[in-house]
Amino acid sequence: MALLAYSIRRILMLIPVLVGMSIIVFSIIRAIPGDPALTILGEKATPQAIADIREALGLNNPWYIQYFDYMKNILSGNLGESLQTNAPISDEIMPYLAATTELTIVSMLIAVFIGVNAGILSAWKQNSWFDYCAMLIALVGVSMPIFWLGLMEQWVFAQELKWLPSVGRDNSRNPVEAITHFYILDTMMAGRWDQLWEVIKHLILPGIALGTIPMAIIARITRSSMLEVMRADYVRTARAKGLTQFWVVYKHALKNAMIPVLTVIGLQTGLLLGGAVLTETIFGWPGVGRYIVTAIGNRDYPVIQSGILVIATIFVLINLLVDLLYAYIDPRIKYR
Amino acid sequence: MAQPQLQPQDQVVVPLKVKQEEVVSPWKDAWRTLRKNKLALVGFGIILFFIIVAVLAPWIAPYPYDEGQLVMKNKPPSEAHWFGTDYNGRDVFSRVIYGAQISLWVGTFSVIGSVLAGTLLGLLAGYYGRWIDTIISRLFDIMLAFPSILLAIAVVAILGPSLQNALIAIAIINIPTFGRLVRARVLSLKEEEFVMAARAIGMKNSRIIMQHILPNSLAPIIVTGTMGIATAIIEAAALGFLGLGAQAPEPEWGKMLADSRQYIQKAPWTVIFPGLSIMLTVLGFNLIGDGLRDALDPRMKS
Amino acid sequence: MSHPVLQIENLQTHFFTDRGQIPAVDGVTITVQKGEVVGIVGESGCGKSVTSLSVMKLVPNPPGRIVGGSIKFKGEDLVSVDEKRMRDIRGNEIAMIFQEPMTSLNPVFTIGDQIGESVRLHTKASKKDARARAIEMLKKVGIPRAEAIVDEYPHQLSGGMRQRVMIAMAMACNPALLIADEPTTALDVTIQAQILDLMRQLNREAETAILLITHDLGVVAEMCHRVVVMYAGNVIEQGDVRTILKNPKHPYTIGLLNSLPKLEGSQDRLYSIPGNVPIPGSLTVGCRFAPRCDKVSDRCRSEMPELKVVGDNHLSRCWLTE
Amino acid sequence: PAEQPKTETPAPATEPAKTGPKQLIVGRGADTKGLDPITQTDGETFKVTENIMDTLIGFADGSTELAPSLAEKWEVTPDGLVYTLKLRSGVKFHDGTDFNAEAVKYNFERWSDKSHPQHSPEGFEYYVSQFGGYKGDATHIIKSVEAVDPTTVKFTLNRPLAPFLANLAMSPFAIGSPEALKKDVKKFNEHPIGTGPFKFVEWKRNDTITLEKNPDYWNPGYPKLDKLVFKVIPENTARLTALASGEIDLMDGLNTDDIPAVKENKDLQLFLRPTNNIGYIGFNVEKKPLDNPKVREAIAYAINKPEIVTAFFDGVGEPAVNPMPKTMWGHNNDIKDREFNLDKAKQLLAEAGHPNGFKIKFWAMPVPRPYMPEGVKIAEAIQQDLKKIGIDAEIVTMEWATYLEKTRLGEQEMFMLGWTGDNGDPDNFLAVLLDKNSIGSNNYTRWANEEASQLMMKAQSNPDQAEREKLYKQVQEIIFKDVPMVPLAHSTPALAGKANIIDYNPHPKGSESLEKVDFK
Amino acid sequence: MAEDLLVVKNLKKYYPITGGVLGGEVGVVKAVDDVSFTVKRGETLGLVGESGCGKSTTGRSLLRLIEPTSGEINFDGTDVMSLSTDAMRKMRRDMQIVFQDPFASLNPRHNIEKILEEPLIVHGLGSSAERKKRVQEMLEIVGLSSYHASRYPHQFSGGQRQRIGIARALMLKPKLIVADEPVSALDVSIQSQVLNLMQDLQREFGLTYLFIAHDLSVVRHISDRVGVMYLGRIVELTTSSQLYSNPLHPYTKALLSAVPSPDPDAVRERVILQGDVPSPAKPPSGCTFHTRCPHVTEECRTVRPEFADTGDGHFVACHLYKS
């Protein structure tokens, strides 16, 4: 019950944040110099055509009128239409969102699996050869400019060795009809295992590039959290019961150590969702980060607004989810 | 069962060297711990190296960073050009050297900006609470809910792409990081008994903040700041990579990467060296940050 | 009194840190007979906990290591047994409870889980049996609503209750020896009285030998048959409880007793031992207590006295008792 | 290539032909914005729509010569005011409705009439620029469009327009199904219906657009392919990698640096798109010190055109002398370009009163365009040379939209831009870029030369091509002398494809229908 | 000069509990619930009770380090509750506090000289040289050497730090010192040193102490009078000898009997209380001790007993002693 009340309160608290965000986004993008009409028309624009388009898009209204119009739409569940494509954003954004989400999930799976286990092993075998190596790698990992890592990956594995494809989400030669836009799901539903393999191959390089930093961060935090927990009294209690080290680590310590790790995982997932711009640029990934950045370049106001709003909402929801997961892991948490 | 084999030297008790009379301030103490941390020393070494390189750039760079000959385009490393040449026939080695100036400058000054603004806001929010806290915290929430790179892109889009504006954008997006840190620190320090004691002797708020709260928030700020420089350098490079940071012909590392990426197969040296430099600098700051954290506040590990 | 459950002989446990080698426990000899309650008293940092952890072989390693002496449990030297055998002993034949009931229970598992875990590990009982045993133990240590509490989490219990749970957990496999490391220090006096009462009762009923670690001479007086007084890693005096409290020989023990404010009489001024408890390892020669001792002689500063028999079942480590 | 090594016999490239439907995947740099061609202005859109929708008149393969398309024949009255087009009969739109004169009339009405229900509130940019305005405007060229009979359309003009037929051949003026347009004009932009060789299937935004063969296509034997996919791969290098690994079959936007690699690769072949553009360095003649022709000329001398072209247009571009393609009629071949000469440049600067040079802002294009593949890099190269004559050029760049907006308003000093021709007429280059009436539109140099403008006006209204040619040559001389811009290069954009692709003819206008393309 | 230095009447401190969907106030923790007592000039009043019973809250409320919910505090003739923030700041010259945790109550980044000098600076007392001299003097007084002045807190042992805490409190020559468990964190052998010091200082400077502790023997030793707290209320208040020889409240009795004595011959009747201390967020009705009291009656459950004098200034709040 406390949990429910807490969840509701958290969701209510989201409202001012979202409204604040929408206002900030709205004012920011209108402060950006550059006319959407021009990006639509390009270097061949005539003044007449520019005027026509501005009028048609309502860009001649004062910004607060534009804002209220926009919010009115949002509240009735309408994210608006792209200035560039005239397509409803709610339709348009789905494939992008799915692409980013798929990549994010894969990256996070890689990051969590390797990161958590490396962290545990490092803590378990503290000061061992493995520990030093893993932590050095993790340190290099957090210091890695991902755009450089991506480029290097492409160069080595795609261009020189030709082991993996370097761009895109799948092999377009025999695409599977996109239903969910999660290509892994789509190919599986269609029973197209050859294409599934293609999709997975396409995910590997960007997945690693995107997953490296969270992986390193997770490994480091898991290690330090584990070390801290391993010093805790209850771990000593568990050992005093005669449990093997394995059980002490994986049962008693891990569950407690996961609490800060979970925070980081949640935070990083959120960051990846919106911050995958660079990776998406390098790997030609048709994701939402690029969608928004392209829209910024095009001054496609509705797309920027809705795109960021959607991302932010997801971000906050992920954090909410993480908080709720705590309750599952840590019965002590009282929601106040 | 055999008795455990005891090594003879185990029995020798090494006496502790505790010099009772010496005055050891917490900072000195931290410095001692830090000095023992080999990785942190490596970090210091790396950063010192880059600082020296940056300062002495005009003397050690064999060529100007903005002059090349098109006929020397994309030549591999040679004796004359250790890191090869780029698409304009410029010496990559010289450009990387000058690039150190830019990265260190942007990293340091953007963080100084974020720290100043963040500390001020964090102090206000944490110490005075109530509606000031609500407003500032909400603002931080809002800023943090944006994917930071998008926010930076938007800020640069307003101000126009340039190195200085990238610096400003990075400083802005990192304000909440420091603001929240300081606020949390203030909130916990406010409950500390020594702050209570300061109030008990009749101290004014302003003095409490300056004498007790701020000095004790400094350690985490320094640690986070050091790591923040690392992040800021990457962010600046990312903006440069996206064409929103440094402008041609400034030899910013991220920009060099972006400009040369199309030649990666033909002239990989134009991509490898700037990237390595970013990584090394960032690694250096992270190493120092790790070391500082262990030295300044062993409990702050996270 | 011929069957010692535990015989610690000249135990030395050192910590190897970057500041140097710290002899946290440096020559401790303790014997615990069947059914006996032996108290270890001493001020903070004198090595009480390290001694008890050494018996369990739970000294964190690195940096800690047993570097000398023997620990015989029912004749078996624990110093040299392997980890597997040690796991059989822990929780089964020797159980341990700790000072902080707040943090010694794992916050993310239920009480029943944590008690049952030990039972299942050592008796191969089924999950159901383990749970039944957990409830039985909870009832035994006087926890009301045992059936409900078994499914609750530690944070839902008060400190006293948690310490009872710790005791239930320790006693679940009927250990021959219970090591209690300051079991009541964190508790209020009224709760302390409850817990001590419970321990006394368990000692009588199950004949479990108890090694009770405390810094409170009052607790010792109420609980123990014999007392070991430690100072800076050494045993400095040892004997049965009446002898130590009524007729102590070592200046430290005497000073300690005198410095206690008495509930009954009102002394105008308390006796106080000058100086501070030494950092272990900072003294390497002579009697560790010498710098604070008011009866100190030159010999004390240069030569470490032996633990010698000074009376019936009474040992002391002081040159004055020569 | 009749002779192939033996190992090549089971060439992987021929496999699609054997195993399944013939499919061509075209890699490109950006996605289409919308598929209703009249609403669009960018090439990425036309690359797709030209395969779906036909224009009345087409261009011959690889040239700007006119060729029959939906119209089989046409006649013009001598006064140049009435055009009669004979339409192909039996042609059907992809939705099964008939293509006929009424459909043509409907399309023109939709485009020209602002009050037409399917007219766009955003207007039709190209219609205005090519046909002088909308119905009712004084400058509107088309007086009427009549459906004389189902296969005959008659256009009556208000005044003669020399390039009228060429205009009809432009991609935006492709004929769409009236039924589909009437049903949902918004949807048409996502799912166009035409008479073209391919039918629209699916559009995954920023990823792929899929088309399939139109079995009822009016041109017998075509298209050769069963399926046509356009795939977005923004990065040029990445796109080439995808081509080499077989993910795509054909790509545009090949980096000039990669041309040797393509040539060396046996599995690949190089295509060159005939040039139809100009990339130039412009001077805002209203800003000091660029108002001085001597200064402009000095800079012109300081730009090492041949070296820049070699370095950045390697093999696929040639140094430009005039602001229009060399292959176009009317190009003045007699003008000899200035040599790269720093001494001369210095001397001119001194004459102009700037012996020690000056500081200047040099606006560089932030985006690659066919006429200027690497704006900033070229700017950097020029900057290096300008430094040698004492001109300290600061490179300025900003978002493309802002760049266009500000240059249009004349905020720039020295800048770079370019132009790709829409039809084969010199007017489309010279007047658009340098006529004084184009200031505020496409004359970014703000060069207002009375003499040149007079000459161009004369040329526009003169139907005699030989006369016009002379006039345009004169204009080019004036331009060369007064240096409002330094024409830099005409590029021949490079494309790469699988070695087994045949019958692919890149068109100078930048996009083309792929109906004839086939695999060996 | 009145005899009573400090008069506290009906002091209350309630902490709000927030929760629910809107995060509003859903209850209160009655940390201090209607406490009254007086402290005479020059005496030591002890305050004992189990953890969480509100001792610290009481102590801090007196100095308005925590803003009390209601009540009257009269210090040396001044109504403390009505003072402005600034006046209160000045008032604190005369009321000082020593904290329990010797590790947390000293700013780790200041050296001892700075810590001790600070009170003087804050109140603008003395020149720099005079202040330094005072610091040296004070260090000697509390049994440290003047060369300690330049050292930092972490270089001292717990006992030494507690001396520094006391020295800081003394710098302003206050009239009253609230000592909040000053010896609880110390080892027995150190505890006696600090207790002796405090007694010496009291004699020398004529100090008045409010001495808070949970250890009955310590309080008994140092105090002239002792108040016993239970769940936010004082249940018994009398002289320390009376309290030991003639405890009236059942809780006091139980508390006394629960203290283990180091004398193996001591024989005392043992009262072991059942159950735990209830939560101050949900204090029991009537007499808050009724849930654990061996003498509970129906009245105890409903009527709150009055805190009344049974004679000779022996106050008790229990229905058993209604006159």
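Miscellaneous remarks
Chains here go by letter, A, B, C, D and E, matching the order in which they are written, and residues are numbered from 1 within each.
The criterion applied here is as follows: a residue touches a chain if its C-beta (ideal position, glycine included) is under 8 Å from a C-beta of that chain, and two chains touch if they have at least 3 such contacts.
This one's a predicted model, so the numbers in the text were calculated from it and none came from an experiment.
Between chain C and chain D, the least number of touching-chain steps is 2.
Taking the CA centroid of chain E as reference, the farthest chain centroid is that of D.
Pairs B-D and A-B differ in how many C-beta pairs touch across them, and the larger number is found at A-B. Among the other chains, the CA centroid farthest from that of chain C is the one of D. Chain A and chain C have centres, each the mean of its CA atoms, that are 53 Å apart.
Chain A and chain D have Cα centroids separated by 38 Å. Chain B and chain E have Cα centroids separated by 47 Å. Across the assembly, chain A contributes residues 33-34, 154, 159, 281 that each touch 2 or more other chains. Annotation for chain C: no residues touch 2 or more other chains. Among all residues of chain B, those that touch two or more other chains are 157, 160, 261, 264-265. Put simply, chain B touches chain A in their complex at residues 39, 138-139, 141-142, 145-150, 153-155, 157-158, 160, 230, 234, 237-238, 241-242, 254, 257, 261, 264-265, 268, 271-272, 275, 278-279, 282-283, 286-287, 290, 301-302. Against chain B, the residues of chain D that register as touching in their complex are 235-237, 255, 257, 261, 304, 307-308, 310-311, 364, 366, 374, 376-377, 379-381, 383-384, 387, 395-399, 402. Only residues 21, 23-26, 29, 192-194, 196-204, 207, 211-212, 215-216 of chain B touch chain E when the two sit together in their complex.
Contacts from chain E toward chain C in the complex involve residues 50-51, 157, 159-160, 187-193, 195-196, 199, 214, 216-218, 220-222, 240-241, 244, 254-266, 270, 272-273, 276-277. By the touch criterion stated above, chain A contacts chain D in their complex at residues 33-36, 38-49, 52-53, 55-57, 84-87, 92, 95-96, 154, 158-159, 162, 165-169, 171-173, 175, 177-178, 281-284, 286, 290-291, 294, 297-299.
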